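I am attaching a structure below and will ask some questions about it afterwards.
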Amino acid sequence: MYAPGKTTEQCTTIVGELLENGTGPVLVTRTSKDQRAHLAEAHPGATTIGSLMAWRRAEETSGPTVGLITAGTADGPVADECLGVLEAYGRPVERIDDVGVAGLHRLLAEIDRITSADILIVVAGMEGALASVIGGLSPAPVIAVPTSVGYGAGLDGVTALLAMLASCAAGVTVVGIDNGYGAAVAALRMTAPGAQ
Amino acid sequence: MYAPGKTTEQCTTIVGELLENGTGPVLVTRTSKDQRAHLAEAHPGATTIGSLMAWRRAEETSGPTVGLITAGTADGPVADECLGVLEAYGRPVERIDDVGVAGLHRLLAEIDRITSADILIVVAGMEGALASVIGGLSPAPVIAVPTSVGYGAGLDGVTALLAMLASCAAGVTVVGIDNGYGAAVAALRMTAPGAQ
Amino acid sequence: MYAPGKTTEQCTTIVGELLENGTGPVLVTRTSKDQRAHLAEAHPGATTIGSLMAWRRAEETSGPTVGLITAGTADGPVADECLGVLEAYGRPVERIDDVGVAGLHRLLAEIDRITSADILIVVAGMEGALASVIGGLSPAPVIAVPTSVGYGAGLDGVTALLAMLASCAAGVTVVGIDNGYGAAVAALRMTAPGAQ
Amino acid sequence: MYAPGKTTEQCTTIVGELLENGTGPVLVTRTSKDQRAHLAEAHPGATTIGSLMAWRRAEETSGPTVGLITAGTADGPVADECLGVLEAYGRPVERIDDVGVAGLHRLLAEIDRITSADILIVVAGMEGALASVIGGLSPAPVIAVPTSVGYGAGLDGVTALLAMLASCAAGVTVVGIDNGYGAAVAALRMTAPGAQ
Amino acid sequence: MYAPGKTTEQCTTIVGELLENGTGPVLVTRTSKDQRAHLAEAHPGATTIGSLMAWRRAEETSGPTVGLITAGTADGPVADECLGVLEAYGRPVERIDDVGVAGLHRLLAEIDRITSADILIVVAGMEGALASVIGGLSPAPVIAVPTSVGYGAGLDGVTALLAMLASCAAGVTVVGIDNGYGAAVAALRMTAPGAQ
Amino acid sequence: MYAPGKTTEQCTTIVGELLENGTGPVLVTRTSKDQRAHLAEAHPGATTIGSLMAWRRAEETSGPTVGLITAGTADGPVADECLGVLEAYGRPVERIDDVGVAGLHRLLAEIDRITSADILIVVAGMEGALASVIGGLSPAPVIAVPTSVGYGAGLDGVTALLAMLASCAAGVTVVGIDNGYGAAVAALRMTAPGAQ
Amino acid sequence: MYAPGKTTEQCTTIVGELLENGTGPVLVTRTSKDQRAHLAEAHPGATTIGSLMAWRRAEETSGPTVGLITAGTADGPVADECLGVLEAYGRPVERIDDVGVAGLHRLLAEIDRITSADILIVVAGMEGALASVIGGLSPAPVIAVPTSVGYGAGLDGVTALLAMLASCAAGVTVVGIDNGYGAAVAALRMTAPGAQ
Amino acid sequence: MYAPGKTTEQCTTIVGELLENGTGPVLVTRTSKDQRAHLAEAHPGATTIGSLMAWRRAEETSGPTVGLITAGTADGPVADECLGVLEAYGRPVERIDDVGVAGLHRLLAEIDRITSADILIVVAGMEGALASVIGGLSPAPVIAVPTSVGYGAGLDGVTALLAMLASCAAGVTVVGIDNGYGAAVAALRMTAPGAQ
């Protein structure tokens, strides 16, 4: 459930219904501080990762590993949302941070972890070049997440979005700006269709 | 290989090298009429699908089925490119045409073929709404391909692109405008990493 | 009357003049909290729906029914503005909420209420796909209202706006982003020209 | 049927099926010269208006009159497409040409014809101001069609489109750029739902 | 002097220098509340109109009259800035408010005042249609000022800007969005070059 | 009269009517080669300047001089259209070519001709900087005409347009991209209102 | 290090590591007030210039001089960031302020300082014309920095950015909007590669 | 000299004047086939590289080496223009082709040639990621040239342009789309100011 635009009452009610009518994980993304407070009181037991709240998280399963890669520190919150969703569904995740292409040696130092992942999620703002490099290094599925990190010519993520769509690495797919949740669900669709 | 911006000589040379130095399929996309003529003469044995040429195509394998869905007749050429690439690598494809959302009954008539596919590629122009509907009907991976079909407010595919990125169906991923080749490779990454 | 950009004094004066010089409903849209407080004190008797204030509301009449449809909970405030205007003029409204296209079964469950409305107003953000689906299901006039719900690639409603204009369902018409008031007046023009 | 992107064979086949499987008008919009030649030969009896072909046109009925208004001579082809569709369904149309707002006296000279129409379609390029003026003069439904007439800052119709959406006249609705067909169908939805 | 981006100290110093080194009017536009307080204390004797401060204003002269026309109440602050500048230079101004094109009768009621002005400044947001109508009614110079009034498809004034540039009335000229100061200086250039 | 979008017949008819019903100059802008041939045959006596045709041109009058300035050779055709219109109405024009700001010495060599003109029209593409420099050098009215000269980041004239609107020289006014005709009429409005 | 999007803890940690593991200058750009307070306490000895903090600044060296030129007072903060970086690396800088092209005499008065610099950095908002003029006056490398100074048609720096890219002065290069840091590093690359 | 928009006569005349009035190289960029034929006849002795013509080319000098790097074959014509200009001024150039980031091993194989160049020009279309990687590998000046290579989401070079401006590698500078000439002149400004 996507929290913005919903009142705290609407959030609380919907989570209540979801908890009653199912057995899988229940997630709320992009909660405000106020929504989190109300939700935590009304429905105890949630794990909170940044602005994401998760109830009834699954145990980590074996199965395909998702490599979750960020270009820089500021991309962290989007990757955190992504990680929170994947963990709630029990997916094994290998996280690789701060390997933006301007420091190629840091990226190359992680090449084994990158190429051994079964699915790759690349989170990057500014010019989004990391998706192209990762797409060239690994034959696995690559889901690119543009972030609104940066200023000026980054155009709040539009530049990274366009760059990822125009990637010279064939077969890279893209989700919306800052959409860590969407990238996680895309990975779930590949590994456990029907769970999400 | 992407043909535009290359001379016929460059195309012919590169294909020659690819045919000598490997064993898998060799593909050239977006060829002009003139490039096709020269390539066909220099390197016989190609299969031509629209503007795509393919040499050394693989046998159809068993394995995951790709559902290839178009919204309208005019989206055909982009889907053809996609189909040509998938077939060259031996992927089984189920093609479902002309199920744009304005005729929901036609879409619902195909619901079994849609939900039984392992991976879905949705090719749509204009407002690109089909990707959202398919993403809601199936838990499988959905790769959306916006096309430049339409005029005026379609903005040469930008509208469909943005709509697919902003899809209310979580986990839909997107490739560039008219990029049937990219969608096919994304599906190959999911089903046979390393082959492409 | 559109409140933003007007001082509370200007609002109060204009409403006073409208109440003196006519007999029909008097409406102020997009009021701020401060404007509402001053208006309520200066001109008692208003009904307040969200940021809309209405004086001298008409009785509900018989006549054509407007089906007012939203894609998601967050589209509610725009639909509320629309509803407030229609009710102020006595139009019968059938409201159908949360039938976004990613959950097609919820939409199909409401198909009788949708197809029995005489005029349809579709309020949707993100990719705005609901307008196309409704336009295909019903032969009645469809007024689409893009909302700024969503983030990133939704571009504050521009994506939904473009998608609705490029709709594959012929004859769908569109009003400006978040313009619930405009959609209501468009429906009034169809049902009771001269009243608004 | 929208012709661009379809081969002449596809056009011919689809029209054949439509003529066999129904009794109402059959329309093809935006045909090329070549498509028209093939269609005329394969399916005689069509009326051709600009790039629109129509078979089995209805008799003119009584009923609500559509006022079809253009700002300038160059908006003519879009209005012609609109007119052709309305006539094919037997709608009475009152056409009022060349009343762009820079010549207000010409517009005022037609005020009786404008205000007596039951539905108004306004076709205008450049800055699209005519829609706002008509929307202020008449309480009837106004469907605005932006055209790509003009150059430079007209941005191929985007300027007129935005201007019509941002109209200061409440309740004006808009269709896509150059979409005369869409405007006609919108009017049909208001006057004879189910016919189109 | 344009105040934003300058510290209060910088503002105070520059105004001091301008007052010492010349004899004509001294103007500061777009001052913040804080800047106004400091400037008023440091340099007494200013006239304040909205966010504009003016010292050493000229007497009203005879000479060409500027017709200053607004479409709606919310365009007032931009027109006020324009008026403040013109008055500081002693230009006679005829102000005509609230004559937006959706209420053509109000505009026509002011036609004598409009056509008797020697220069016309038209201040309008939303779709900016007023500039085209005024440009058709009067042969005098027309300076159009788009405002950021409106929401959604008004795109913060870009729609009005484009519409004014694409005006069907020949010879209308345009200044930047909300640039009342620029429009006033353009009028000064026409009536008293060298004064500004 | 603006020729594009009109048939040769429409052009010929309208010019015929204009020649019969008035005594002033008759102008057709942006004619195609074919339109010119038909017009020249149907209505002899025209002067042709680039794509502009003019009948019944006025004698050159005394009165305010228009300084018509271009940044580079490629801006010539837009300036030619402007010149043709001004000459048709008998305005004295001083033309100053190729004084783009990258060669400031060439500009400074013409400073007397620039500052002695009563009205200035600045025609420039690329970054359009010339308008700002001229606006700083002369207190006279400045009408800036952005041209689509240049490529890539010039965005077909949008860059020059925006730059001219955002000019740091106060009181510069702007017309649409490549709109030499509009600039000329703006100058006519300043010098001989009612003539155009 | 670029501070936005990093927590104060992350900032403090990274600066600590940089101070331990090297000998050159350590810089943090775009710090918030809160980040500055924490950093100053955790790592004493920093020089603060606007939002830039610098530790271990180098002595001023001889070597090529950077001319740092601003168009207006409001461009100051971007130039300050640029200056702070250059000084931290010991580069000699000649700063020339307030020489925007609308006041060409002020610019010409500084022509000797401009032409004697070995590298030029031009910081300008609004229409960014200064870069073209400087590029024409000096044969030295010109790095243009568009700023978000201005409003309306300045489009938050996009107009200046496009204008600088489309400059008629050949060989001008551009960095991102408000990117004073980037311009400084570009100059360091030219004068002391490897230092930065 | 930039040829588009100039007649063959204007080209021929200007080249003649340049050859008479100087001693350095004379260059014409972006010539059409027709312009080339006339120029070659009127002024023999030119070297033609793609659409660039050069007279009086200098001998290759020693001095700083320019590394000219392309991402793909289709970027060749822009790099050729750049190379032609550098060679005409006698600059030593090291060209490195086809090292786009999707094939990182090819790029890494050239790392010695890349890091030994004194100035780097990076020519890349699509997502333009190569500039960021090169900027991270070398401390030398990097001039990035976005090209219009690619389709759809490449937006005719705008995507590469934005990506290069938003590069995560500090100090990368950018010229306009396809502006190989501008990049070459920027390199000349760094190595031999005054020659160009």
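The first chain written gets the first letter, and so on, giving A, B, C, D, E, F, G and H; residue counts start at 1 in each chain.
By definition in this document, a residue touches a chain if its C-beta (ideal position, glycine included) is under 8 Å from a C-beta of that chain, and two chains touch if they have at least 3 such contacts.
Note that the structure is predicted; figures quoted are calculated from it, not measured.
Set side by side, the interfaces G-H and C-E show unequal numbers of C-beta pairs in contact, with more at G-H.
Its C-alpha atoms superposed on chain G, chain E is turned by 90 degrees; the angle is given in steps of 5. When you average the Cα atoms of each chain and compare centres, the chain farthest from chain B turns out to be E. Between chain E and chain F the centroid-to-centroid distance comes to 26 Å (mean Cα coordinates, whole Å). One inter-chain figure worth recording: chain C and chain H are separated by 55 Å, centre to centre, where each centre is the mean of the chain's CA atoms.
Centre-to-centre, using mean CA coordinates, chain A is 46 Å away from chain D. For chain E, residues touching at least two other chains, in rising order: 152-154, 161, 165-166, 170, 176-177.
In summary, the structure contains touching chain pairs A-B, A-C, A-G, A-H, B-C, B-D, B-H, C-D, C-E, D-E, D-F, E-F, E-G, F-G, F-H, G-H. Against chain G, in their complex, chain A makes its touches with residues 73-77, 149, 151-154. Considering their complex, residues 71-72, 100-104, 126-129, 132-133, 135-137, 150, 152-155, 158-160, 162-170 of chain G touch chain F. By the touch criterion stated above, chain B contacts chain H in their complex at residues 2, 4-6, 10, 14, 30, 146, 148, 157, 161, 176-179. Interface residues of chain B facing chain A in the complex, by the touch rule stated above, are 138-143, 161, 165-166, 170-177, 181-182, 184-190, 193-196.
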